[in-house]
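Two complexes follow with subunit A in common, the first pairing it with subunit B and the second with subunit C.
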Partner chain A sequence: MPANSRGPLQFATQTALNASRLSSDSTIGTNTTVTSQQDGNDNVTFYDSPTSPPYQAIKYQLPGALNALSSSPDGEYVVVAGREVLKVLHVTDQEATEYINLRTGSNLSLNYSSNDVKWGNNGTRNKIATAATNGAIIIWDLNKSGRKTDRVISEHSRAVNRVCFQPNNGYILLSASQDGNIKAWDLRDPKAAAKYSYEGKSESVRDVQFNPMHTHEFAAGFETGTIQKWDMRNPKLIYERKVSAHNGPCLTVDWHPDGRTLASGGRDRTIKVWDMNSDSRKPQYTIRTMASVSRIQWRPGYDNEIASCALLSDNGLHVWDVRRPNIAKYTFDEHSTTPTGFQWLSPDVVISCAKDRYFMRHEIVGAYKPIELLRKNGIGWNIHGDLVFSIDKSTGHQFVDEASTPGLTNQASRKSSRNRTTTGEELSLQYIPPQTCGIAHLPLFDYGTFSVFAQNYVINGENLKLACETNAKIAWSMQRFRAAQTWKIVQLLFADVEEERDSEQANGIDENYHNMSVTKALTANGNEVISESDSESSVSPVNEDEKDNEEASSSDSSESLESPIISQNQEIINDLFHYYTEQSDVQMCVTLYLIVQQYVHINADQLEDWFTSYIDLLRRFKLWTSATDIINACPIDNVRALNLNATTINITCNNCFKLVLGTAQGSWACDKCHKLLNPCSVCHQTVRGLYVWCQGCNHGGHLGHMRDWFSMKSQCPTGCGHTCTLDMSTQGSTE
Partner chain B sequence: MSNVLVNFLPPVHLKPNAGYSAQYDDYHYQATDNVSENGEDNTAGHKPRILLMGLQRSGKSSIQRVVFNKMPPNDTLYLESTTKIQKEDVTRSFIDFQVWDFPGQINFFETAYDSQEIFGEVGALIFVIDAQDDYREAVNRLHYTVTSAYRVNPNITFEVLIHKVDGLSDDYKIDTQRDIQQRTADALADAQMEHIHLSYYLTSIYDHSIYEAFSKIIQKLIRELPTLENLLNVLCSNSGIDKAYLFDTLTKIYIATDSSPVDMQSYEICSDMIDVIIDIECIYGAQNSASNGTTPSISGTDEDRSALASSPTVSAGSGGANGFGGADSLQEQLMSEQSQSTEREAEASSLIKLTNGDVLYLREVNRLLVLICILRQESFEKHGLIDYNFQCFKEAITDVFEFSNQRNKSQLADDNNIVDNNSE
Partner chain C sequence: MSQVTRFDTDHEDLIHDVSYNYYGKRLVTCSSDQRLKVWDFNETGNGVAKWEVNDSWKAHDCSILKVIWANPEFGQVIASCSFDRQVKIWEEQEIEPKNSQKRWAEKFRLVESRGAVQDIEFAPGNGSLRLKFTSSRIQATCAADGIVRIYEALEPTNLTQWPQMEEFEISSVNSYPPGQANSAAGNMTNNSVGGGGFGSQTQNALSGPQGLSGTGTGSAGGVQQIGGNSGRSGDVGGSYCLSWCPNRCPAPMMVVGLGKEGGARIFKHDGQNRWYPGEYLPGHEGEVHDVCWAPSMGRSYQLIATACKDRRVRIFKLIDTSTNSHTSQSMQSRTASAKNMSPTSSPGQASIGKQFKVEVLATFADHDAEVWRVEWNIEGTILSSSGDDGKVRLWKAGFDGNWRQMSEISAEPRNTNIDGSHATKLPGYAQPQTA
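On to the complex of A and B.
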């Protein structure tokens, strides 16, 4: 039963939290914005230029959409490539200017529209390789006069997605193609044939990257979502290691400068970091981004930071810290479409290009920090008056506390000592920003008394004297002396009216009252909603007749005899109601009204207010039974309609307490735990037909089995310890 | 290609699949024929064959019905368990393939079955694994199937569908895939057959993943793929198109796309667009073409055209695909050429403008293929250029298929000659 009650309770508190958050925003929000502004100021001073205007990215517009860029080894020149563009730009920290346009002349073949571009190094420092959309690889020589085309290699049958120069030997070029092959070219060799061809035995190759430390190694990302590590020296031409990294295509890979860690990004919106030397098949870190990851690159000089851009629908260029994967550390969002390529020129400078035709040079100073837009403190309360709050405890402006989460470098050094293998990894995975949480109890509302009153107050005013007395006793026992006194006064005020009626119909009312209290007792036990209707139907027809008589007579008498008394008491009663409204004690208002409703007149609008807010409160505290009682007792049509339209009765599984989603005819088994619902306690089969159960412990079964069982035993067949039979004579009523 | 299609026009050839003449009636499924009627069709001998295998209740028949017979995924619940090999010719689709649905409980490598006959001409063997079930048994069976089939025919491409992944969390999916991959790789390595390559796909019939998996599988069997891809690349770069798909109209499988990465959003919105067009064609399309039993082509007679012209623009519901926003206005332009001859040119086109500024543009390439492009609004201003480029593209595609068709025929003729010579 406690597990059963958890779900709705959580829901209730959740809504209460949400509601309170709205209200708390206005108060707390100002505080947090102030602190975040302070943070921002401090950061500016950190860069030692508090007065200078914020850094503006250098922009340069090109005639067409851009697909890729690459910088020369010295970082002064950048080549940008697209379907209609192939230009070399001269980029300084002030401006970008066009240097050479490689896409000149009249005969512009497909060779001039590029998927990817790379600038050579060392021996090929004046050469540029582009991957054309038609599968050709074109080598351009900048020193050549006239047409710069040095060589056209067309050996791939499908488009080439990525080209890559070996880091220390610019003559070796790798190309990754849609046709599933990775080919290595030696540019010193005048023959056109590929030196090696690596067949990934997988689908299209999306990316290929040389290992910066061990330059004979390279990694490739495939459209099947796998990444593979190859060694060029391996004569067998088979991959050394294969990781199925992504769900859906892997679009990009990048080696960490340490030479053993590889990051990969894919269409499944994740960036994953792998240790390529270990045998673990799980990534070291996973960063979940907002959109498919199209390119990634580690930030030089910062071992734990990696930049990424999306394939579509996200125009930002994000820099992440692997130790804090849930939020980007920096974001550049100057582009108006998704960036298609970017490269770090130095630890603080990044160049990027996009389909919006702009080439841009950003500095890290110009990036905004998403973390500063976040509110780090929070507050909320639940209906029981508990206030919960969390406070950001991080002291400095560090994004990640280096001491507590060592990250990649320290890990690597630790592992190189080979003392710890896997345990070290798991220790230091994520940075958790320090926070303090607290719960304070604010005794604004006495939940206990409220629910006791809600469950025990008599709300049937037919026997006013008795009802008032009972209610007074209850209030007294809960030490609500004022309320108890109120009940006493009400009793006195209307006692004489009552007595006249009492003398007329003493026996009938007595019986009625008895019946009523039984109902109350039942509901107090916390039984199902049904009990209300049960009690009504259990009232014998004779009683109902009497009720009718009563009502008829009381209405008669109220017109003839009691009108002077009403006018007498009306003022006091009005004061009473006024007092409790001021106190915002809707419980008292409603209960009082229900008791004395025959004798007083209250504005209907006010009544509806009371009732709806009281019912709302009751429901919030999960006092469904009491709420239904109130709704049924309410004289206002609008409120009564609550029970008439769209009443859904949800059934929970009696095993796992999950909601059973059955058809309109009900269902036989629980979807969650795959157990039968309400099987017979004796034979454990589904009961088709008559199902008999004990109102006390809710266990039951086939009519026949139950009868057999209880003819011998008096305790529940499930062994729950409940004595189901009161005595032999009540066996009939159990059924 | 049109020459080939003419072959299918006479009703005689349609006999095995006569029910499909009304294929776009509401979910018309037809019990597949178990009889092989290949004899009639002279190209049947060269149809690549797709085998669907797997343990029983792994979802093979459901896949077949959903992908090739347009059954709504929820209805697959009521499919009976398959008891014998169900063969289906997918003739009316561009993909001239046979799909064989193998019952799960029979062992086909026993001597009772001619494994040479079954696996001899198979293009792709698709093994379906139920990811929600305990898959150890399935992995064993996969190993057994792969090794046995490989012995018979080493040219088969093996594809593994890790199926029913709907309802699994992303992490669990990738873990399952990794586990299955590792187990199979280990088993193959033990058998010293690690050179066999398996491709794995995570699929579910409740989303587009099954179509994407089939697209990739079928693309491997299409010899013209590099050419098609290059053609699409050229088209894209010259017309400012962001992404172009060449769809098989019936199955919503894309048989080629340009070389930029496929993202699920654009694929889903394009395949939904086909549904929209087909629905509209069902309502306003010409009846006579359907009665010919020939085409899923979207075309209309004069009356239809006037009816369309008078009807207001159809606005699609706002429930568009996630990132793309709802379809803002749907401008249906069903252009038709008056059909004088039986060989009409399929000329349907459709244009949907999305709220985010993207334009979806559909053109019918031939009766079986449609091209769907996604491009920015700005690029679409050069509408005439795109149309001209499309015409070139269409001619090129027709040439490609005619060429490969002739090559097929000549090969077939050569084969026959050889057989004849041998018999003599």
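On to the complex of A and C.
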């Protein structure tokens, strides 16, 4: 594939060379007779069939970075311009070839370092205007033999940023310059100076464009961020309308084909859409892009779609639907630098150029749709078993629902929306995908029972019998009958052998959880019921909380308990652990382990998993005390270390704020000011236990003294006059 | 009672992620409208509580793809990633009023990515605040497509310093440390793949070391192809996703969706500063949109769920094969405490990491639409998935060990009350006996 990708390109360059060698004036003459405005869609249809291979942009590399491009009126030829390049390319739907090089010879004059280029129309359909960084405007005549330079206009004092031919009358040319002037030229008069000059009373002019419908009107974008609408017949009138459009420079403007709507783009990274006939100071739409907007153009045939490219940092050429201001509908990303110019040739074909020296011809089928990379739904769980979700309920894959959001085409809706308030108008115009967000409450985790167990279970296994009995009672009272049965079983299994444990543990321990030999062994003893309870715990049966025969069976088993059977106890315990692990009941696992840890041996890895998981759960439920108890009871160093981190608190003297050192040695006075630390305001002794103080006046003392004092008084015991009544809620919690 | 409460976010475009904090009492949502919204579950008295906006602010310059909470021991910190190629770290400012758009201050932005940042996740475990994210280079001329970067706030109290610690390319498989390639591949040959439909295909992909290196060159070719900018089709770069292994293990691990290459792979840390590719999760017939590694809660095996473009949800079971010998040793040795830690935590063991036997536990086609998200509950017992069919489906293992659908939540409101909340009985969900 890499070889293939290079192939067409080399071929294209080859043919480009041939074409440029063979090009002659006669071919230009024949070509320029074609004046149809629209190229038609027939070159696109081929790619519309779904079986066709993915469309690839036509690329053509030029010898230098490109700043601008413009297509001939028939769309067959494209002129590309840059600092060192000015070439006309012949572009078909198959390839791009060089047609003519206007920068022949080694003419390095600044006049030819082009900022912008435009192809004329009608009377000037063979002419090209370029705008130079030194303020010159150069008219090129392709029909001229030899040097093609037709005319050099150098009336602007600073760089010309944009030139624009009047639609349908290519003799009229507008130029926008950094010197703050817009000038109109009549090219029929080869000697004349500017016909009109328009002073925007503003900063440098970044862009100017004729209105396609009312061709005497034009709009200009200024470095101050304003856009102005002019009537070119009235150069003395300042402007017809002025809008402060952007925060920072406005870099580009483009008229909608309806002749009424104007879009502007600026360094503030927005594209704004204005109704130039209304007096509203608010844009109809605002598109927020990720980089400053350097060029925009409405997509022909799609009233709501506009393409943009960035000035910096974003190499994409994006096509937006104004009703969906956050996500581009299409993105072309073939350029490796920021595109500097682009133009729609037809509704589905766009040409672009960039500083990466490439000219490209893209078709819309070759663009990717950013929306397809985006998840339309999200889900999240919390510890309480709540599931928050957002799901898209839109059917089909419409980018914008035309029915609910009519957009610019529907003039009726525009009129109706104008009657509303400005904010309401904006809301009604934007498409918001139908997404539902909700929280499903799933009672899968019984928080209440969990916390009761966490706080009340006995975790000290020294008196195993009593611990099991207590835990069984707790479980029973919470209607966790299965857990209660487990505790009873454990109690019966181990109560009798407590004193014999040391000798018994020398026996080998079988780690196989699924070993059913215990069942067989016990059935051999004539105890039939035990097999049932054993299989129950190993097979993890239906989660019903009650098993009637379990207690009976375990009591039977206790009768047969003799010291050699302790290894079999181990297996039952292993089965229990296995069952509760599979149930993800780490609470049971940890508590059970802590009770019987003298008798059982669990893989340290598994133990650590149980403990860390359980401690994490406790912390999520903010059961800090229980978590600390578990950590302290845990035999694993890694877990115990959790409570050994950062246990030192440095305190400062409450008089001079110097760090108090040596409290460990019993020093309770400040090293610097030699005052007693933390004296109680009531008894004037150093407080060594709980110190409470008022956040307002910083006086405090023993909790008990403070409580006594404030039960009668509301003012500070020091007599500082501060009213520091204790908050009732803290009073409650300290008890 | 199982019920659904409507939650009106007022976002102006698609919501891409919702996330609970550690305690489940706060939410953050992110959307294509470039805004983040933080919600608090406030008790309003009378035992009634409701979700209220804490703040809503414009956080990025493009669609925000994911947002996550840091462990609260580091404060109220969230991280968000966006199409605008940045990851931002936010911290709540208690002194700023709520709904001031200033309540959450940007502490840092991670700008190294040259493509959209598609997934982020804080590393599990206590003590260190590590963040990692994948990015894909949207720009097609870059061969470094799909890089996982790992950042760490060395001083957790200072959120303004996030040096990049490590990075690795998702698609380059040639970074195997010698010797480990063989062992990993050999291990994968032993795969017994459940769900017969995938058998033959999987055997092909994983037949010994050649099979593995084959995948490697295939992916390298893919990258080159993108580099040559010829085979660019549809969605560029593909979507990458990742999930840390949330469970304690000798060396950090994560599962990464391989983007256009298809499938997902486990990556393991070698104990120094390198990540190397491990087991491949087979059977995917398209891009993996999301991966989620389940908390194991002490279970002996690991579960990983994937959401795939091929309209399927898959659950993989990973059985640890490397530590079995150690396990039996430790089972036999008498002390159950710290002495036994040595076999698994020794440096030698850590450098090799765990080896897994991968099984496909379940493959669900119920969505019958592209599946975009999978998420385990906190205990790792229930899997939720959502897709383009507009439904959230919940999956749970039955008592016979088979995974099946537990219930589904659909977007259509059935009986909406005036206050906007509606209760939907979840079908197929058995009510437990309530206490």
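Heads up, the rule we're going with is that the second predicted complex is superposed on the first by the 369 of 735 C-alpha atoms of A that agree within 3 Å, B and C clash if a C-alpha of one lies under 4 Å from a C-alpha of the other, contacts with A are read in each partner's own complex, and residues count from 1 in each chain.
Here, contacts are C-beta pairs under 8 Å (C-beta built on N, C-alpha and C of every residue); 3 or more make two chains touch, one makes a residue touch a chain.
Given the structure is predicted, the values throughout are model-derived calculations rather than measurements.
Engineer: Applying the document's definition of touch, where does A:G248 land relative to subunit B and subunit C: first, second, both, or neither?
Structural biologist: In the superposed model, A:G248 contacts subunit B only, not subunit C.
Engineer: Looking at subunit A, does subunit C or subunit B touch more of its residues?
Structural biologist: With both complexes superposed on chain A, more residues of subunit A are touched by C.
Engineer: Going by the contact rule set out at the top, does A:T133 touch subunit B (first), subunit C (second), both, or neither?
Structural biologist: first
Engineer: Applying the touch criterion given at the start, work out whether A:R83 contacts subunit B, subunit C, both or neither, answering first, second, both or neither.
Structural biologist: first
Engineer: Quick one: classify A:R151 as touching subunit B (first), subunit C (second), both or neither.
Structural biologist: A:R151 contacts neither subunit B nor subunit C.
Engineer: Looking at the overlay, does A:K195 come into contact with subunit B only (first), subunit C only (second), both, or neither?
Structural biologist: neither
Engineer: Answer with first, second, both or neither: which of subunit B and subunit C does A:K488 touch in the superposed model?
Structural biologist: After superposing on A, A:K488 lies clear of both subunit B and subunit C.
Engineer: If you stack the two complexes on chain A, which partner ends up touching A:T612: first (subunit B), second (subunit C), both, or neither?
Structural biologist: second
Engineer: So which positions on subunit A get touched by both subunit B and subunit C?
Structural biologist: Subunit A residues touching both partners: none found.
Engineer: Flag every residue of subunit C that touches subunit A in the complex, lowest number first.
Structural biologist: Where subunit C meets subunit A, its residues are 1-9, 11-20, 22-25, 27, 29, 32-34, 51, 61-63, 65, 83-84, 116, 126-127, 138-141, 221, 224-225, 227-237, 239, 247-248, 289-290, 295-300, 323, 327-328, 330-332, 334, 336-338, 340-341, 344, 372-373, 375-382, 384-388, 390-392, 394, 399, 409-413, 426, 429, 431-435.
Engineer: Under the definition above, what is the set of subunit A residues touching subunit B in their complex?
Structural biologist: 83-84, 110, 113, 115, 133-135, 157-159, 161, 178-179, 201-204, 206, 223-224, 244, 246-249, 251, 267-268, 281, 292, 294, 311-313
Engineer: Inside the complex, what are the residues of subunit B that reach subunit A?
Structural biologist: Touch residues, subunit B against subunit A: 170, 173-174, 177-178, 181-182, 197, 199-200, 202, 216, 225-226, 229-230, 233-234, 236-237, 258-259, 261-266, 323.
Engineer: If you look only at subunit A, which of its residues touch subunit C in the complex?
Structural biologist: My answer: residues 1-2, 4-6, 54, 56, 269, 288-291, 315-316, 324, 326-327, 333-334, 336, 368-370, 372-394, 430, 432-433, 435-446, 448-449, 478-479, 505, 508-509, 511, 540-543, 545, 581-582, 584, 586, 589, 597, 600-610, 612-613, 617, 619-622, 635-638, 642, 645.
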